[in-house]
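The structure follows.
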Amino acid sequence: MTQLADVQYTKPKHEIRINRVGITEFKLPIYIAQKNGSVQHSVASIECYVDLAAEIKGINMSRLAVGLQKFSSQQLCGKLIKEICEYIRFVSDNSETCEIIYQFDYFIEKIAPKSKEPGLLPYNIIFKGIKTETDFIFKLSVETIATSCCPCSKEISDNSAHNQKCYITIECEMNPDEFLWIEDLVKIAESSASCEIFSVLKRADEKVVTEEMYNNSKFVEDIARECYSKLDELNIIKSFSVKVESDESIHAHKAVAFITN
Amino acid sequence: MTQLADVQYTKPKHEIRINRVGITEFKLPIYIAQKNGSVQHSVASIECYVDLAAEIKGINMSRLAVGLQKFSSQQLCGKLIKEICEYIRFVSDNSETCEIIYQFDYFIEKIAPKSKEPGLLPYNIIFKGIKTETDFIFKLSVETIATSCCPCSKEISDNSAHNQKCYITIECEMNPDEFLWIEDLVKIAESSASCEIFSVLKRADEKVVTEEMYNNSKFVEDIARECYSKLDELNIIKSFSVKVESDESIHAHKAVAFITN
Amino acid sequence: MTQLADVQYTKPKHEIRINRVGITEFKLPIYIAQKNGSVQHSVASIECYVDLAAEIKGINMSRLAVGLQKFSSQQLCGKLIKEICEYIRFVSDNSETCEIIYQFDYFIEKIAPKSKEPGLLPYNIIFKGIKTETDFIFKLSVETIATSCCPCSKEISDNSAHNQKCYITIECEMNPDEFLWIEDLVKIAESSASCEIFSVLKRADEKVVTEEMYNNSKFVEDIARECYSKLDELNIIKSFSVKVESDESIHAHKAVAFITN
Amino acid sequence: MTQLADVQYTKPKHEIRINRVGITEFKLPIYIAQKNGSVQHSVASIECYVDLAAEIKGINMSRLAVGLQKFSSQQLCGKLIKEICEYIRFVSDNSETCEIIYQFDYFIEKIAPKSKEPGLLPYNIIFKGIKTETDFIFKLSVETIATSCCPCSKEISDNSAHNQKCYITIECEMNPDEFLWIEDLVKIAESSASCEIFSVLKRADEKVVTEEMYNNSKFVEDIARECYSKLDELNIIKSFSVKVESDESIHAHKAVAFITN
């Protein structure tokens, strides 16, 4: 076979450095460790980027796909993300950095408060790694669905209060030698909301959650601050942000609060 | 210029009739009449299909796009949908039927119950026309966002009840010489829910909607039946269906009810 | 504990039968058998409906969630779908039918044509079961991403032809004692397109797929007919439909063809 | 009427400043000026945020909705965005900044290259304003759909080359007294791609675009650099970024390049 031309290694028309080139919506099966000791399988949607030197026309894009697949039989964790970043950075001759993002559903078993009926709840998780020549940054993002119940509506109404689904997203960058389970961040989010949710609720359970959310009425501002304050006390997180989005039951729009440190 | 080949008029490898061929996600600006006498502008996402005779390779797809654009400066209504269907069916030599679907946001002004503060609320509307050699069918679909409040949660809890956003979709096929405003279908949907929603609510209004939803607690089943029953009484609708989807504030999943006649 | 009221068993205001009541966007981890003998894990988004007798206010919705979780540790297949339907129909006192729909990503390993580099490709799968008193219907739907290359563009242009991502969806209802692997339906879809796609392509592979798609230029109509004709020859499928959607590289809209038998 | 309590003005449990609190997915009809002198109507999805002082429990959220509606009958432009920001910042007693984001479809008439057939193409536009005590920043983002054709595939293949839909997003922050039309940014994006797209193409036009895209084969890296270089030459833009996303016709995933200055 004659050698096929290597178009991407030629000079580009405009010699401009590119911050990030890569692939998105690349899907792979994954598995990760659970806090309870067992292992959980899921499906990840992946982004993978490298930078590109000004004087090179294109990256070798198939090496990104090959790199991601090469590690796909190993257990996903911060350490593996670092290894994949290092590998892809290494095989990308004209790049100095590599960034990868894995987004996937993760399930946690929750037990209904009265009936003790078990059920699995899904959480939207993001693992993000950025490798430069000298540094590696790892960020974990966990989205928890919970209930928010409005304190203003409660205060001014003869009875009840409007309540709704509320999406709490915590993103944090860990200190190098610290570790946090997804389960721990979910606990922080759920205990900051008006009430946690469940996959299965018998009537006795429904009574508990209805009364609890009413007793813990909170604005998105309250939930965001409560969450932020609990993360702050942990001392093992380098930097973090909180986003709370409440899908208002009395409006077509949503209410949102963001706090960044 | 020499004549370019007309590939689509050749014989196909497999002589199989195709039920629907056409284009989707075709966008155009539109405008339609409001019940209050004025005119409203919006943006439609359009689907347009014709059938294709077994012995012809392909439809002339650019004629669909040309046909849709040809009528884009006219006011959208059932009659215009019929005209567009007829035109596209006419210019599609090897087709017997034409189906078009326009989906767009429509706004209705709603006045807050106490403060009388005005606000615009969006509704997701679908106009659908199907033209055959002998017939024309027109279907109108209106999605209304409202509040649902759970009667079981209310009954068993010491106070309050879980409530949430609820999406009520009415689809109806009109009798040839009858007419219904989008505004009329929205009224039916809103009056069937636990409470209607608003774009702007001052505190005095929030008290009203909170108390009203609690006093009108309804399952998705109740809302679907109420809606269905009101549509049935109208007598001007040939056939209709109701879908009610409640984005449960105490679960990750949604609750849904469908009724078709 | 005093007995909590059973609101859903009371009489409804309007005694109207409801065709389908249930839950949507209910997520669970699943695993299924692959044609190569191993087992694959994924995450399903589930819908589950029962009908409701006219004289009963509401279904017992938590039983649907409990039913789905009860079977979640078993291998997903048509037989399990039937068992779940039967179970949920059985525990739903006032219902005659049960319908469940599982949608999930499924991966198949594909080997690049020249370099023989392996890679996993995702396919969007739907398992759907409907159980009535006397019958059980099982439907399998497989969405395959492939390439379509336009024969008209090829014929009239001095060189090249426009090509693009093309989504081929086959839905089929099996005869009771027949069986088809997802892998078999994917083969039918891929061999009907202009060219199949891959997760990893080295340059030698890219040459192969580029030339193959150009040599196999096909309209959406051609791909749909080719697919339909191959399904028809199988004789083991009771009924089926084909949808081909091409995300046109020269337009903002998409081109689509549907065939139903 | 007795005075209703003002819960949001009380002290929060945790005195933490909140960077952004507000509403999202708030929809309103809008209209804006076109370069050709006429006016165009569309529908915007709006986000509106203010910050919140540490010692106040909540913002007055209905004032955001009232503020957005108050200006909804005026023509949308950078100046109006500034006015709305200023108004909402003014009525939000405990906030120092206001940020608003309008996202909407905008149509431009394009004439097919040979047949001269006219057609409207949609572009996804974002207007973003940030008002602080002393500053106002305005950002315009324009997403253009075009065609990308792969130079590597062209070089190594006996004929043709893979090509596909390509989404080019330019975001730029203007100098205070400069102005750019959406139409101008679209021109820059389209002239940087392998070929521009059209809503209607007759066969003679299809020949032109097919040959043009093949003659202008470009990687996402090439398109991003070309775009960036043209923006750089303009000298009237303070800062800008370019994102190019190509929906690869030979892969399930997408290829992407980002450049920021």
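The chains carry the letters A, B, C and D, assigned in the order they are written, with residues numbered from 1 in each.
The working rule: a residue touches a chain if its C-beta (ideal position, glycine included) is under 8 Å from a C-beta of that chain, and two chains touch if they have at least 3 such contacts.
Everything numeric here is computed off the predicted structure, so don't read it as measured data.
S.K.: With centres defined by CA atoms only, which chain is the most remote from chain D?
M.R.: C
S.K.: Just how far, in Å, is the C-alpha centre of chain D from the one of chain B?
M.R.: 28
S.K.: Please report how many Å separate the Cα centroid of chain C from that of chain D, as a whole number.
M.R.: Measuring from centre to centre gives 35 Å for this pair.
S.K.: Report the inter-centroid distance (CA atoms only) between chain A and chain D in whole Å.
M.R.: Result: the chain centres lie 25 Å from each other.
S.K.: Could you check chain C for residues that touch two or more other chains and list them?
M.R.: 4, 26-27, 65, 122, 152, 156, 199, 201, 203, 207, 251-253
S.K.: Chain adjacency by touch: line, ring, star, complete or other shape?
M.R.: It is complete, because no pair of chains fails to touch.
S.K.: State the interface residues of chain B toward chain C in the complex, per the touch definition above.
M.R.: Spelled out, the residues of chain B in touch with chain C are 4-5, 7-8, 12-14, 16-27, 47, 49, 52, 57-59, 61, 65, 151-152, 155-156, 219-222, 224-226, 228-229, 245, 251-260.
S.K.: How about chain A: which of its residues touch chain B in the complex?
M.R.: Per the stated touch rule, the residues are 121-122, 145, 147, 149-150, 152-154, 156-165, 195, 197-199, 201, 203, 206-207, 209-211, 213-214, 247-253.
S.K.: For chain A, which residues are in contact with chain C within the complex?
M.R.: Touching chain C: residues 1, 4, 6, 26-29, 31, 40-43, 62, 65-66, 69, 72, 104-105, 107, 117-120, 122, 199-204, 207 of chain A.
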